[in-house]
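By written order: A, B and C. Residues from 1 in each chain.
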Amino acid sequence: MSTLSATGAASQRRAFARRRAGGPGQAARYAILTVGAAVMLLPFAYMLSTSFKSQAYVLTLPPQFIPHPATVSNYTDAWTSHDFARYFVNSLVVAVCTTALSLLLSSMMAYAFARFAFPGRELLYKVLLLGLMIPAMMLIIPQFVLAKYLGLLDSLTGLVVFYVGGSLPLNTFLLRGFFAAIPGELEQAMLVDGAGAWTRYRRLILPLAKPALATATIFTFLASWDEFAWSLTIINTPSKQTLPLAIALFQGENSTLWGLVFAASVIAVVPVIVVFLLFQRYFVQGLTAGAVKG
Amino acid sequence: MNRRHGSALALGAAALCASLLGACSSASTPGTSSGPVTLTFWGTYGNGGNKTQTDALNNTIIPAFEKANPDIKIQYVDIPYDSMLQKLTTGAAGGQLPDLVRADLGWVPKLGALGVFAALDEKMSDYKALAAADYPGTVATNLFGGHYYGLPLDTNTRVLISNPDALKAAGIAAPPATFDELKADAPKLAAKKVSAFADSGLQGWNVYPWIWSAGGSVTNADQTKATGYLNSPASVAGVQLLVDLYKSGEIPNLITGDKGATQTSDGLPKGQYANILDGPWMTGIWSGQYPTFKPVYSPVPAGPGGSISVTGGEDIVMTSASAHQDAAEKFIRFTQSATFQLAMAKTGQMSVVQALGDQEAAASPELAPFIKQLATAKPRPSVPQAPQIDTVLQDDLTPAFTGSESVQAALDKAAADIDPLLTETH
Amino acid sequence: MMTAQNPVMLDSAAPADAGAAGPGPAPRAGRAPWRRRTAPARTALLFLAPGFLLFLGLIVYPMVRAFQMSFYDWNIVAGSVSRFIGVDNYTRAFHDPVFWRAAANSAVYMAFTVPPQIVLGFLVAALLNNKAPGRAVYRVLFYLPVVTSWVVVSLLFQYLFADSGLVNWMLHDVTHLTGHPTSWLAGRWTGMVAVSALGVWKGVGWSMVIFLAALQGVPKQLLEAAQMDGANAWQRFRAVTLPAVRPALLFVTVMLVIGGFNVFTSVLLMTGGGPADSTQVLLTYMYQQAFKNLDFGYGSSIAVVLTLFVFVLSVVQLRVFRGDEQETA
């Protein structure tokens, strides 16, 4: 880069600003980003387009990007077969309840880990983190026996309870870091005013941690929405099945109806994207807040 | 947001959750002993968006049964085929199984041996009479250790299905009726960039028709030994036919397990494949997806052993844990009746009852080639380790196709690997 | 059911250093450090109890039971007696060629997916690290694959990598880069490439967001000072940016490694572990043993070995990174 004369910081800052405002560097930047974004989007676009095709046009070469003839029969078939609407509602109820409960419990745990010292704190924390490394499939049989013992089989409650348990390590880990970074003075001030732990937690920590909570919301919601193995295992009544099961049922032994599978997938993806878009502005807050703190 | 409102909202959400979940789970409390008994019945009828079979079940069969038995209700649950065994496993481990299962043939000895399925020959007094009415090959699939753990529910077999347009374009008048005709047709089809034959794997369901039609066999009569049978010269010849076609590029690598290759259900109607082996359910599937395609059905190409295909199908079993065994037995009896068998036959689930064969053919003429093939079709070994045998076949035969082993060596190894599996009980 | 393949989707808007680097925030200049209250440990335990008890009961206890199962020839039927066989399952795994192949494939998957996600994620984050308009849109677009379900994208990529699918069309028919269409899902290495492509595509947005947050925390004054001293871009990066994002780098690496070893759905749906067990990874092999062969004891032993691998790897990574930190501090 250029060596600087002694004209001073001011002109250097002006040079900085000029570089940022525009020019070929900026254009190249946008070009690369656009290519990258296109690569991210292309599979989705193709999935969307295939969902409007009938089976005969599905794996043709050259691939059809714009379906012709286009049909909405995949969507109507997906929605009307197998009680799809009910699966959708089941998944929604389970995901919302799981997210709410998980946020509550993990934020409480994170507060305890971040703001208090007590014997065995690090040990308990490490035990919690161990939960991150265990493959879930391995636990299914003992969990099934446990669920039977607790009377939770074939129920949406059974889904929620176990989903919450499985989400606690990750959410607590995420939230602890954020809580710990909140300046202590604010809490100290409240303490001086006589506020108890619960009040400090509810009035101070939670509102300040909105970005982290928003992040945890997105992920817990998604994991619950997407979960298949446990739901398949404990749910027997058709009216209680969840959405991933519906998509799996579209894969037949003898043929896979790609159009139907993708139509169902598109319907299934919509709520997650909605949740993401709703909460993603908190990412912005969290990120710019981080920038201001420097 | 005002903090007080925030907590009220949170509490409200929690209450809503609790009530919603409560409503959903309370609906599952089992019925009391007085009042109608509800039998849960697990099956895979509706997989793949297939509505014809679940419609027959829900609109014709179950109402007929419930009308004749007002104190019994049937609740049918559709499970994805790939996950059914997992679900039965966890259900067995947790002691939470349905009353009735439409079980794949390969699972019955396995789960019967473990005690998951009830021994029907002991429970049902009229078992012998019911079994005698069915094709013997289908009954044999329920046998293990001297007991029968189910009754045949439906059967099917594979015949040769061809794309007449693809054949005509290559100058071939009719589907190959013998091994030699298939070999002769292959180069003509290859010239038009069409595969002479395609199949989706190398498991028993796929290769046994070729082995048997070549005059070979898989095991000895009492299913205790494979060496000397599976690797006999005739068996080798059957597999060699496929390997030769594969190596000259006339069979696609779908057969060695390429999940990215076009499936037979799409490749045949599209004219990529000229011939496949498949079952009666395809008619229904193709009429929906490829309405202009008119498949041609003919017997499995004959070799020195004749034209011999493999039987498939499902059995109906009752779980030993069922709390409503009398009611379940009533439904099992019902599945052997003409109402059930013929209604399902229309959807491609062929009847297991021999006496219904003529009625079946009359009602569904497209089943005629299959009924004919059934007469000589043989069952796969019905032992508890049947799924493992399929895995061994797929793993050990693949090198013969991909070129690193001779067919004889591959079959020698497969037979050696299968011998212990034939006599293991779990 | 929530732990497999979940960690890849973790996001942290918070500076990841706060959690990973140790307890408590760095002291603010000019103020006394915040001291945690030592008195009401009981309050802390009250906060901790509900969640932790749930965790112990629903996760730890089943884990212990699964560990126990690995020492038995486990009979799946409820109430039946299983035969105790000691470490036989483990010695069987040791001698099982498919087990070692699965372990190798898991390592290969990690090698193919972790570096690209780190490098590409950082690159995109660096490109987005300014106040240019439209930045939010790009962030959302890159993040979209992260929030889509594994089942859906695995089916989607199986479709894309099919013999007559989009990838072959682009490589063969359009750009003629390959001589003939590749059967991606038919071979070990091509299959791993396809599965890894999915892994990278799905995960880049996640590491991007973490790095973006970390880059926001790079001290601008130091950057400007370095520039004034005549440092070029690479030197500024090495001296200022890299140390500032090091905690985020550690976090991302550890999480990606854990996620890589836990890959399951994508392999199961795209290749099924085949053909002939050539693309098995540890979790799909465990699944096959437990649910296809009904051999739960053996399946559990594979899972235990996998958990050990992951644990040891994570500890090693933490040690290495911490060690480096202390040297340069």
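Before moving on, here are some points about what is shown:
Going forward, a contact is a pair of C-beta atoms (placed from the backbone, for glycine too) under 8 Å apart; a residue touches a chain by one contact, two chains touch by 3 or more.
Not measured: the values here are computed from a predicted model.
Here the two chains linked by the largest count of contacting C-beta pairs are A-C. Using the mean of the Cα atoms as each chain's centre, the chain most removed from subunit C is B.
Averaged Cα coordinates give subunit A a centre that lies 15 Å from the centre of subunit C. If you average the CA atoms of subunit B and of subunit C, the two centres end up 38 Å from each other.
Work out the mean CA point of subunit A and of subunit B, and you get 38 Å between them. In subunit C, the residues touching two or more other chains are 76, 78, 162, 164-165, 290, 296. The residues of subunit B that reach two or more other chains are 86, 89, 93-95, 262, listed in rising order. Subunit A has residues 59, 140-141, 145, 248, 251 in contact with two or more other chains. Contacts from subunit A toward subunit B in the complex involve residues 54-56, 58-59, 77, 81-82, 90, 93, 96-97, 100-101, 104, 140-141, 144-145, 147-148, 153-158, 160, 202-203, 207, 232-233, 236-240, 245, 248-257, 260.
Interface residues of subunit B facing subunit C in the complex, by the touch rule stated above, are 85-86, 89, 92-95, 110, 114-116, 253, 256-262, 387-388, 391, 394-395, 398, 426. Listing the residues of subunit A that touch subunit C in their complex gives 1, 3-4, 9, 12-13, 16, 20, 26, 29-30, 32-33, 36-37, 39-41, 43-44, 46-47, 50, 59-63, 105-106, 108-109, 111-113, 115-119, 121, 124, 127-128, 130-143, 145-146, 161-170, 172-174, 176-178, 180-181, 183-185, 187-188, 191, 197, 201, 211-212, 214-215, 218-219, 222-231, 244, 247-248, 251, 258, 261-262, 265, 268-269, 272-273, 276-277, 280, 282-284, 286-288, 290-291, 293-294. Contact residues on subunit C toward subunit B in their complex (touch as defined above): 75-80, 158, 161-165, 183-186, 270-272, 274-277, 290-294, 296.
Subunit B meets subunit A in the complex at residues 3, 7, 10, 13-14, 17, 20-22, 24-25, 27-28, 40, 42, 44, 46-51, 75-83, 86-87, 89-90, 93-96, 98, 262-263, 265-266, 269-270, 278-279, 281-282, 285, 289-290.
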